[in-house]
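Some notes on the structure that comes next.
For reference, chains read A, B, C and D in written order, and residue numbers begin at 1 within each chain.
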Amino acid sequence: MSEIKRDVEFGAGTAQETLAPEPGATQEKAITGRTPWQLARARLRRDKITMVVLAVVALAIVLAILAPILSIIGVLDPETFHPELIDGNTGGLPLDGGGGLSLQHPLGVEPGTGRDVLSRIALGMTFSMTVALSATLITVVLGTVMGLVAGLLGGKTDFFISRIIDMVLSFPVTLMLLALSGMFIDIITKAGVPAGNPSNGAYIVLVLGLFGWPTIARIIRGQVLSLREREFIEAARSLGASNRRIYFKELLPNLWAPLLVYGTLVMPAYISAEAALSFLGVGIKPPTPTLGNLLTYSVNYAAADVTFFLFPAIAIAILVLSFNLMGDGLRDALDPKADR
Amino acid sequence: MSTWASADPVSSGALLAVRDLKVTFPTEDGLVKAVDGLTFDLRAGETLGIVGESGSGKSVTSQAIMGLHRGSRAKVEGQIVFDGRDLLKIVDDDLRRMRGRDIAMIFQDPLSALHPYYTVGNQIVEAYRIHNDVSKAAARAHVIDMLDRVGIPNPQKRIDQYPHEFSGGMRQRAMIAMALVNSPRLIIADEPTTALDVTVQAQILNLLVDLQKEFGSSIIIITHDLGVVAELADNIMVMYGGKAVEGSSADEIFYEAEHPYTWGLLQSMPRIDAVKQARLQPIAGNPPSLINPPSGCAFHPRCAFRDDERLGCSSVVPRFEISDEHPTRCLIPQAERRAIFQTQIETRTA
Amino acid sequence: MTISRRTTALAVLAVTSVLSVAACGGGGGTTGGSGNGSTGSAAAGSKGGTVFWLTKRPAEHLDPQRTYIGRDLSIENRLFYRDLVSFPVGKQGEEATKPVADLATDTGQSSEGGKVWKFTLRDGVKWQDGKDITCEDLKYGFSRGFATDVITGGPNYQLGYLDVPNKDGLPTYNGPYKKAAQADFDKAVTCEGKTITYHFNKPWADFPLAIASLRSFSPYRADQDKGDKSNYAVFSSGPYMLQGTWQKGKGGTFVRNTNYDPKTDQTGRKALPDKVVITEGLTNEIINQRLIADSGEDKFAVTDRAIPGSMYSQVDSNPTVKDRSTLVNSPFTDYLLPNFNSDVMKNPKVRQALAMATDKTAYITALGGDKAATPSKSIVNPELPGYQPNPAFTAPDSGDTAAAKKLLEEAGVPLPVKIKYTYSGGTPTSDNSAAALKQGWDKAGFSTTLDPLTDTYYDVIQNPNTKSDVYWGGWGADWPSAATVTAPLFDSVLNGVGTNPKSNGQDYGNYASDTVNKLFNQARNAATTDEANSLYQQADVQLGKDTAYIPLSVTKFYYLHGSGVTGYAQSAASNGYPDLGSIGAKQ
Amino acid sequence: MFAYVVRRIFVGAIMLVVMSLVTYLLFFAAPSDPARFTCGKNCSPELIEQNRKALGYDKPVFVQYGQFLKGVFVGREFPDDPELKKSAPETIAECPAPCLGYSPLQSDTVSSLIATAAPVSISLALAAFILWMVLGISGGVIAALYKGRLIDRALVGSALIVYSFPTFFIGLSLYIFVAIKWQLTPIPVYTSISDGGIGPWLYGLFLPSLTLALIYIAGYIRLTRAFVLESMGEDYIRTARAKGLTQRRILGKHTMRAALTPIATVAGLDLGGLLAGAIITETVFNYNGLGKLAVQAATTYDLPTTVGIVIVAATFIITANIVVDVLYAVIDPRVKYS
């Protein structure tokens, strides 16, 4: 597909294998009696890398939640300009000739404005992760619903949804996100979302979700088709359970492992997508920080202010890497057959 | 046969002599003892049946003989003496040269055991040419001949077909042709008929018998189904939980079986020669853990005679005396075992 | 004539400006590396070699009648579109903006108080195919601007000035393609041998300035005209011609035009390099990093993209690089426009408070500091004739929070005053500079919402009903005269404020003042430029009193060029951009 | 098989028509007014109105779409102005079928714009494709062979780390540091083979294709590694060993054949998606391919060009899907379409 949505494909290919039944592995015999979830937890605990990235992700989430609160109470200060810390004669580079790192500003100050980099990265994480998470939720919910409907109803509905999936997957996504931004942000604003960044953010969330769901719908559809043939669904049917009851009582518990894995892998793709779109000029604009618009600004300082050039990029890389490794770890834990 | 296996594997005169074979796999949950101290002899031209349920270690044994565990995390100990050489001690490349040429293998599921992307002919020709420096055309002619001999009709055409274009029986015939293409001295057939229809099973087994006569090979046939080896095997070894529990000539196993597990296998086998059709009896319980095997006799949790206080099944470890002619890993005294078989088992089965 | 540093929508077409832009050491307001922007490494270059022009924004037109961007107007004039008169090469200060005869034998004769203009073509001036440039070619070129359905995007002064009948706001003559009312046009523009005569419906005193500044009046060969298809076609009358085709977003290569005779050219075009390669689509960062590195072909490169603030230290810390930098005032100013249609901005005290609270220093720092811009005291560029600081804006450059607070209290509005600031955003610089303004205002008692427009700008603020309180504006004069600044921006009659419900023209703040309109009218009919300038100054004073705008800054051009470039100059004659008339490649 | 391909092409064509309609509706029925972007400053409502008519934007969107379809099948003329055609036929732009429209902002037919830009994108995509396939697959095979060892972890780990940085950051870093500051490579400039020959063409492609390849390498290392490991666990590999084949032959013939088949599928689809332009890489390196053309079109509201590129990109992707499926039948003898 495109340069910004690359995770999605690989996530899809491999997530499809999850929960494949494993025939006669000797070691499984030794630990019979535990539920799949207990098995997964046991495997997770042994997986050091995943435990580390789980901690990183947890930390990032806590930081993202706390950042706005800390900004309000003044511990973090992402907005205040510090003209006294930068040199107007050098294009606003920090006065110390480096990145302006100090005790008050552990990651330095932003060239041109003197704003605190740590605060901006922390709050940027809040906005980027909110965007990515919201888009992920839309993707997962939409994908699940479409996949379930296609898989369970079959026939014409299945054909119809499958063709929609084919078509959405055939659109050049990056280009669509870019080209649709002007008019769709207009529409979003007219629908009552405040103009400016709320509309910009809503646009990113919506289009990422709208173009992202087909992959997960395919996975869910595939899972449903294979699950549908299993006895417990047959049994539920023969007992006269309604379709709705079948979806939610019987199928969802069997689907949420792939959903969890896939969702974890979509999240970093969307964090990257936010950054890429910022670079192309679409998305939330400063002074509201996002990791994307911070990086878009910081790449201009590649040669002049190395720390400022690197910090936003490293922040994104750590987040993306952690979520990807977490997704891998979850997949391995939930699906012993997949090889690390 | 006077003893199950001789003390010295090299001078035993057997084509294959396995002594105290142990295969272990390290896993996250502990060490899996897949094969735990196996000993047997196989003479040239004879057939040994290894019988046991899945997880009993019979397939692992066959792969250990082929050296297929090399390069993996599995640890193989003991001796596997083939034609006077200990296969566990020779270098990889020598062993590789013996594979397919001296020892060949027929696998359980010919569909997955044959490469789906190459024609049957391609794969058999490859097996032939790796050990024989002949031209492609000569190899091809030889393979067509082999396919003909294993009963594949129209081999000139079939040689260029892919495995999925063959029926199950034909695929297994092709597998057999591949195994026999180098006229090996030992053929290991791992569940050769499990994936096949009953009618085809008989044909394949008959084919094996015929070919063995023709090529003079020894055969190890591995199965969970006593019925398969009934007509084929000279000797039978019953395995349970990675260990041999009973070994003897085929006749003795069928008519004088001594181990309660073998009895279970016999009872769960449909027999057309049964006087009256008794209800098939599955063996209750699950296969034992290979990491933490039950104490005492590994079979005791499933054994009908475990409550006999005087035997101490849950604490005393029974032995498998290879110097016996019919060694049996059971704590019940031999006389009682024979009595039980004659009074309780045979009446029901025969 | 609105301009914007920010490359956004089409509506933001930059405009030529010809201020006595201190191109160099001479003019004024310049610092710059080794001294001045006017001279490069070598005083007199030799012929040969290739000069590279690296730039970001693709030229939207190479059709003379459609070009409206200062950079492109200058490149076209120096390389391939000669005009009746042009600005001279190699002059500085006021000299630079005094048109000299080019294709014409003199700088034109006017009569009827400036309503009739006459020019005579020189002998021996030829097109690239060797045919003579004729009066008919001039007339044809002029006529093309009337085909507003085909020849779009260019300046359209000719529509308002030429003495032809009008209907529904447009001339009934619709250009050389459909030829409606062709007779009217033929009467207004006449040819007698080599002499062309233009008849206008009102005096156009600075018509030669317009000719030299724009390419609207360039000759055009009818047999080469394929309408819109000719947008990127170049049929040269100058020293260079296009090799192959122009590729938008990539650029093109210009080679010598053998039919150009330097003897016919008195403007001073040196035509030194054998080739000029223009490369579009690079970013400012990449262009300037390459110029700093100064390797390979980049030694012979010039650019119209300012050094980004992020690279100042790289330039300053390296004397060999600094020697190759130039810093000149540009023709462009930034300012703010209170929206007179917004309830809160109708209160004069609020507007004054806003002006008082505006922190130009922080704004400029966010733009990149004193090398990017300098604080301004008027909407009129200081380099324009008739400039004076506007006395209404008394606040210090960094704003006066206390005074602003006081004004807000006097205004009698509930605090904080909620305002929305709409600007052309989407780049870190524009967004940061907006945030800088917001901070100053919010300290004084405003509560500012930022409204960055990224896709379109002017067409949004052109709508009188747009709900915003303050707009950002940027401007460069179309030709060097105050007449092209305040009048087009604040004359409510001209712009249809209050009469056109759909558009405020270019009076984006919907400002309307009879006093000011009257002063503008007087200035247009003034007999001398001095008198006109004095009237424009009075109008500006009134604009300041009404806080019709709040001045922010004058943009600076801080440029680098390669070490192998000779005859480097930036002057008002080339709109402040590198002047290809004198630039060569060191051999 | 033939019938299958015909059917797939037919379905693909129908999909394209539906997609073009959807795209058309999305862009042209949106509340924004494409005409307002067609005239510069001094733009009066009268001028906008005039341009709207000249460009046909005044007609209902379905009529416009109908004209678009007509252009695709029989060609069109721009502007659609009989009066102008009569008085000045030389100004009418001919747009022969398949005509994707005319861009008033670029003064050229969309087909011609795409034809100019496509070689750049295709060169870039192919160069990147070769790089990532060679590096990704060899890396994946090495990682699989040394599974769990240091070299495996280092390969997979470093690829993942590189992959975690946004493309434009990597591209700009390579451009600014490798090409400009350290001058290890020439400034990346696209030179077509016809302009400069193979050497300059490859030189110019190096950094951009490396940037693009780096995105994919991590995925292909992991994919290859997984498929090789999976294949190494297959029964037929055991058979191959039992036959006495050497490790090298087993890996080279039996394992790779099985592992590469699914990789070929993914690779085909990835390449198909890239042929229509790598938006970010082309933007970073100023490569005038379809990606940059698309950005240019999208940011200037050049709707005909945008729609044209969307349709071309979709065509590439749909074609890649069909090709991959057909290819699958060729490399996997078990797959038969009917």
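Here is the rule we go by: a residue touches a chain if its C-beta (ideal position, glycine included) is under 8 Å from a C-beta of that chain, and two chains touch if they have at least 3 such contacts.
Worth saying up front: this structure is predicted, and the values here are computed from it rather than measured.
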{"item": "A-D compared against B-D, more contacting pairs", "value": "A-D"}
{"item": "Of all other chains, the one whose Cα centre sits farthest from chain C", "value": "B"}
{"item": "Per-chain CA centroid nearest to the all-protein CA mean", "value": "D"}
{"item": "Chain B and chain C, separation of their C-alpha mean positions in angstrom", "value": "92"}
{"item": "Distance from chain D to chain A - Cα centre to Cα centre, in angstrom", "value": "24"}
{"item": "Chain centre separation in whole Å, for chain D relative to chain B (CA means)", "value": "56"}
{"item": "Mean-CA-position distance for chain D and chain C (Å)", "value": "38"}
{"item": "Two or more partner chains touched - positions in chain A", "value": "181-182, 281, 296, 299, 302-303"}
{"item": "For chain B, residues contacting two or more additional chains", "value": "none"}
{"item": "Per-residue multi-chain contacts in chain C, two or more chains", "value": "285, 289, 455-456"}
{"item": "Complex contacts: residues of chain D adjacent to chain B", "value": "234-236, 238-246, 249, 254, 257-258, 261, 331-334"}
{"item": "Contact set on chain A toward chain D in their complex", "value": "1-4, 6, 9-10, 13-14, 163, 166-167, 169-172, 174-176, 178-184, 186-187, 190, 268, 272, 275-276, 279-281, 292, 295-296, 299, 302-303, 313, 316-318, 320-321, 324-325, 338-339"}
{"item": "Footprint of chain A on chain D - complex, ascending", "value": "15, 18-19, 22, 26-27, 30-32, 147, 160-161, 163-169, 172-173, 176-177, 181, 212, 215-216, 219, 222-223, 225-226, 229-230, 266, 269-270, 273, 276-281, 283, 291, 294-295, 297-299, 301, 306, 309-310, 313-314, 317-318, 321"}
{"item": "Parts of chain A lying in touch with chain C, wherever the complex brings them together", "value": "79-81, 83, 86-93, 97, 111-113, 181-182, 195-196, 281, 285-287, 293, 296-297, 299-305"}
{"item": "Sites on chain C touched by chain A in the complex", "value": "285, 289, 308-314, 316, 361-362, 364-366, 368-372, 425-429, 431-432, 434-436, 438-439, 449-452, 454-456"}
